[in-house]
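One structure, pasted below without further comment.
The letters A, B and C name the chains in turn, as written, and every chain counts its residues from 1.
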Amino acid sequence: MKKFLALALSVCLTAAVVIGCGSTPAPAPSQAASAASTPAAASAAGLQPADGPVELSLSWWGGDARHEATQKAVDAFTTKYPNITVKTNYGAWTGWEDTMSTALYAGTAQDVDQVNWNWIFNYDNDGKTFVDLNTLSDYIDLTQFNEAALAQCTVNGRLTAIPVAMTGRIFYWNQTTFDEAGIATPTTFDELLAAGETFKTKLGEEYYPLAMNQLDRMIFMVWALECEYGKDWVVDGKLNYSQAEIEDGLALISQLEEAHVIPTMEKVLGDGAESFDKNPKWMEGKYAGIFEWDSSATKMQAALNEGQEFVVGEFLTGFGDYKGGFTKVSLGFSIAESAEYPVESAMLINFLLNEEEGVKLMASERGIPLSKVALQICTDNDLLNPIVAEANGKVLAWCEYNLDPTFEDAKLKSTDGVYYDVMDGLSYGDYDLAEAASILIEGIEATLAAA
Amino acid sequence: MTPSAPKGALKKRSGLSRFFRNNMGLVYILPWLIGFLIFKLYPFASSLVYSFSNFHLFKGITEWGVMNYVEAFTSKKITTALLTTIKYSIFTVPLKLVAALFIAYILNFKIKGVNFFRTAYYIPSILGGSVAIAVLWKALFRDEGLINGLLAMFGVQGPSWLSNPDYALFIICILRIWQFGSAMVIFLAALKGVPTELYEAATIDGAGKWRQFRSITLPMITPVVFYNLITQLVQAFQEFNGPYIITQGGPRNSTTLISLLVYNFGFKQNEFGMASALSWIMFIIVMVFTILAFVSQKYWVYYGDEEGK
Amino acid sequence: MIGVKARNRISTFFKYFVLIVVGFIMVYPLLWMVSATFKSNNEIFSGIGLIPQNPTLDGYRNAMNDYGGDINLLRSMLNTYSYVIPKVIFTILSSAITAYGFGRFDFKGKRILFAVMLSTLFLPQVVLNVPQYLLYNTFGWVDSPWYLALIIPTLFAVDTYFVFMLVQFMRGIPKELDEAAQIDGCNTFQTLVKVIAPMLKPALVSCALFQFMWSSNDFMGPLLYVNTPAKYPAAIFVKLSMDADNGFAWNRVLAISLISIIPSLIVFFAAQNQFIEGISAGSVKG
C-alpha cells in the first residue's frame, strides 16, 4: 500500500512538473529563480519541504574511512533538521552495483544514492529511475558546480546526478625503488622506456618501473593516442580513431612489455591480487609505478611497506604534441524517482556537498570536492590530503579531452568485457595487432550502436 | 479421523473426506507444493518466457524470438563456457569420487583415531563456501605462493597457476576435489555396511586385496557410488563460487563456467533475456546428464534387495 | 608366517603414511590461514612457514573495528544466527512433513510430483534471483528487519535436497512401525511425531547442520535482501572488511574470516557424530 501510494505520488509529481514546464515557457534557471521568490509557485509543483517527520534513506559504497565520515556528516544533518531521520545503507564495492541495479529496477533503491557516473546512462534509459535535479535547484545550489561537470551528468536534458568530484588518471611512482635503480622518475616517454632496461639490469627481472592491468592499459592507450592525434576518443556516438591508429596504440602497449617497462598480463595475474594495492609486488616496491585515478592516491600510498616513498608523477611527454587524457565525474549523488521526499533528499545532498558543516566532515573522502564552496572550505581548513590534492591539480591542469559515457559500459569494461579480452589477448599473444584492433573497434561500435 | 472406525461408516462419508483419506499424502506435501509453485515454478517459468526475449532490465523488451538460443550456440564465448563446464565436471567429479573412495577404503580398516582423520578430512567441506577460503586459495596458488614454494623445495619450477590458461581451471577443480570429505563420509558408511563374511570367504579362496575390492566391495557399494555421482554432478554443473571469487573467469576465459556467464549477463550487463536462455540451456544439460546416469544404473548399479529404487 | 606379518606391518605403515600425508595436505591451508592472522602483510607473502616470525595481534585488534557504530564483527555474527536459526528450524519442520508425505503415502500424481521435486535440485539459483527479487519485493520482504525474504521460503520446504535426503532415510524405517502405531490409535500426524520423527533424528540433525553451514556461508541472499548495515550478517561483513581505504591488511581480513567461521566449527565438532551418521544413513539406503 505504501509503495502504491509512493508510486501514485511520484506519478502526480512528475505530471505536475511536466505540466508546470509546459505552461511556463521560461528556461529552467529563471523558472527556478521565480520559484524561489514565490513560494506559491513551488507549492504548485509540489516541491516543498514536508511539515511532519520525514524519513530519508541514503546509500553509498566505499571503504571504512568513507563509511565513518559519511555517517558523521549524516548525523550532523539530522541534528540540524530534527524532523528528518536518515537511514543509511553502505557496503563494499564487491557486488554493490549488482544489487543496486536490481533495486533501482524494482524501485526499492534508497532515496539518495551514490552513483557511479555510468549508472545514470545505464540505469535511466527511460528517465524513470532518477529525478531531474534541475527541478530541485531551489534546494541544491547548482551554481557551485561548473557547467562542464553538470553537462556530464545531464542525460536528455535531465540532470540526474550531482557530480561530487572530477577524476582522471595520473602516474604515481615509488621513489624509493627509482632511487635504488639510480634514476629519476620518468617525465618523458624515452626515460620511461630506458627505465625498463635499467630496472632489469640493475634491480633484476622482477622489477618493473610501471605496472598496468587490462583497464589501466586501455585508458593509457587512449591517453597516449589523444596525446598523439589530439582528438576525442568518441565523437557524436562514433569512434573517432581508425584501425591503423588503434593498432598504433596497441603497438605501444606491446612495446612497453617488450622493453621490460610493464609486466605482461600473465605476470600480473600470476601475482594473485585483485588490484595493485593488494599486490605484494607493489607493496614491496617491485612494481615501481602505476597509472591510477587521482582519487586512489591514498589507498595506493597506504599499501606500500614502511619506508617506501610515494610520489605523484608528471604527465609524460614525448607521446605527441597534445595533452591527452580525460577527466570524468568520479561519482555523484542521485535521487531515485521512488523517493517520497525529493525536497529533503535534495537538502541532504546540498548539506553533504555545499554546506560548511557537511563539507568539513566529508572532506576529501570522495575525492577533491568539485563544489567551489566546498573546495574553498576544505582548503581554508587544510582538510585535503596533500597527495590527492596534488594529483587532482595535475590532472585538472593537463587533461583536456572528453570521456564518452559508453567508455565504461559493462560490455566493455567488466571482467568479461571487450577491453579485458583485447588487452589480455594481445599480451598473451592470442591476437596480433590487427586482430586486437578490429575486435576492439567492433566491440566499441556495437556498444555505441546499442546506447 | 479414527483409523479404527468401522468400514460401514466410511462408506457414508462424503467424497471429499474420501478424497482426503486416499490422498492424505497430498495434505502433507502441501507446504512444499505451495512453496514450489510460488518460489520456484513462477520465477522459473517467467525466466523461460524471458529467455525468448531480449529483456534488458533497463531497456525492457523490444524483441521476441529464439535469438538468444541462436547466439548461445554460435557465440564462441558461450560455446567455450559450455565446453569448459563439461570439462570441469568430467575432471572434478570422478577425481573427487576416487579420492573419497580411496581414503574411505583406508579408513575402513581398523585404523586408530578414525574419528580424528575423518574430522580432518571433513573440515574443508564445511568451510569450502566461505569467502576466506577463496582468499586463501589465491594466496596458495600465486606465482610465489605456498604451492610453488613447496615445489621449489623439490627443485621443481611451478607454473603460473592463476595466469596460465592451461592451469587455471585446474586450481578451480582442485578447490572442489579438496572438499571430498562429504562424499568420503558417505562411502565410509557404505563400506561398513558390507558384510565381513564376504571378505572372509574371499580370503579363504585366496583372493588378494585388490581382487576383493573389485569383486566384492565395489559391487556392494554401487548404489552409494551412484548417489554420490548424481549429487556431485549436479553440484559441479552449478559451480559458481570458485571462478567468481578466485579467477573472475580468467585468464583468457579459461575458467568461465556457464553459471558465471549467467551471472555476468544477468547482473553485470542486465541482459536478463540472455541470462535466462543460458540457464535453461544449463538446466537441460544437467538434466540430460542426470537422465543418462539414471538410465545407465541398470548396467552397473547393484541393488541388494532388488526392490529397486 | 613371518612374511605375512611383515607384509601386514608394511601395509599398516603404508595406510597411516597415506592418511597422515594426505591429511596434512588437507589441513595445511587452514593451519596456514590461522598462522597468517598473526603475520604482517610482508610475511604472509614472503614465506610458507607456519610459525610467525614477528607475531602481531593487529589483525585481531583491527578486526573489532566498527563502522560508525552501526555494525561490527560480533554484531554481524549475531545477525547471521538470528536468521540462520529460524531457517534451520523451519527447514527441518517443513522438510520432514513433506518427506513424510512422499515417503509414506500413495496418492495420484505422486510419482510425477516427486520427479518435479527432484528436478528443482537442478535449477540454477542464479536465474531465479531477479524474478524472486521482484516477487519478494511485492510481498514487502526486501530489507525486512526480520529477514523475511530469507526465512519465509524455508517454511515451504524450498530446499528440496533435504526432503530428498529425508525420504531416502525414511525408506530404512520399517513400515510395520507405522502400522503398529495406527493400530494403537495414532492418526497419521501422531505417527509422524511419535514414531517417525524419533527414528529420523540422525537425519534431521544432519539436515539441520547442513542448513546451518550453508545459510551461514550464503552471500548472495543477504546481499540482495539485507540493505541495512546494522542488520548485515557476517558474510557481508567479511566482504565489507575487504574494501579498505587505507591499505589492505591481510591479517585483519583473515582474522575476521576466521572468527566468522568459528561458530560453524564449534557446531560441527559438537554434533559431528550424529551428523555423519545422518548423511551416511540417508544415502546408504539408496
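Just so we're on the same page, a residue touches a chain if its C-beta (ideal position, glycine included) is under 8 Å from a C-beta of that chain, and two chains touch if they have at least 3 such contacts.
Quick caveat, the model's predicted, so the values are computed rather than measured.
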Message: Farthest chain from chain B, going by the mean of C-alpha atoms per chain?
response: A
Statement: Busiest interface, judged by C-beta pairs in contact, is B-C
Task: Could you tell me the distance, in whole angstrom, between the mean C-alpha positions of chain B and chain C?
output: 16
Separation of chain A from chain C, taking each centre as the mean of its C-alpha atoms, in whole Å: 39
Touching two or more other chains - residue numbers and ranges from chain B: 57, 139, 142, 144-145, 267
Junction residues of chain A, two or more chains touched: 98, 102, 280
- request: Note the residues in chain C that touch 2 or more other chains, in rising order.
  value: 45, 129-130, 219, 239, 242
Query: Quick one: in the complex, what on chain A touches chain B?
result: 97-98, 101-102, 105, 122-126, 129, 265-273, 280, 410-411, 414-416, 420-421, 424-425, 428, 430
- prompt: How about chain A: which of its residues touch chain C in the complex?
  reply: 3, 59, 61-68, 70-72, 87-95, 98-99, 102-103, 106-108, 110, 277-278, 280, 283-284, 298-299, 302-303, 305
Statement: Touching chain B in the complex, chain C uses residues 15-16, 18-19, 22-23, 26-27, 29-30, 32-33, 36, 44-45, 47-48, 94, 97-98, 100-102, 104-108, 110, 113, 116-117, 119-132, 135, 153, 155-158, 160, 163, 182-183, 185, 187-188, 213-214, 217, 219, 235, 238-239, 242, 253-254, 257-258, 260-261, 264-265, 268-269, 272-273, 276-277, 279-281, 283-284, 286
- prompt: Along chain B, where are the residues that touch chain A in the complex?
  reply: 57-60, 77, 138-139, 141-145, 160-165, 248-253, 256, 261, 264, 267-270
Field: For the chain B and chain C complex, residues of the former touching the latter
entry: 1-4, 22-36, 38-40, 42-44, 46-47, 57, 103, 106-107, 109, 111, 115, 117-124, 126-127, 129-132, 135-137, 139-140, 142, 144-146, 149-150, 178, 182, 185-186, 188-190, 193, 223-224, 226-228, 234, 237-238, 240, 259, 262-263, 266-267, 272, 275-276, 278-280, 282-283, 286-287, 290
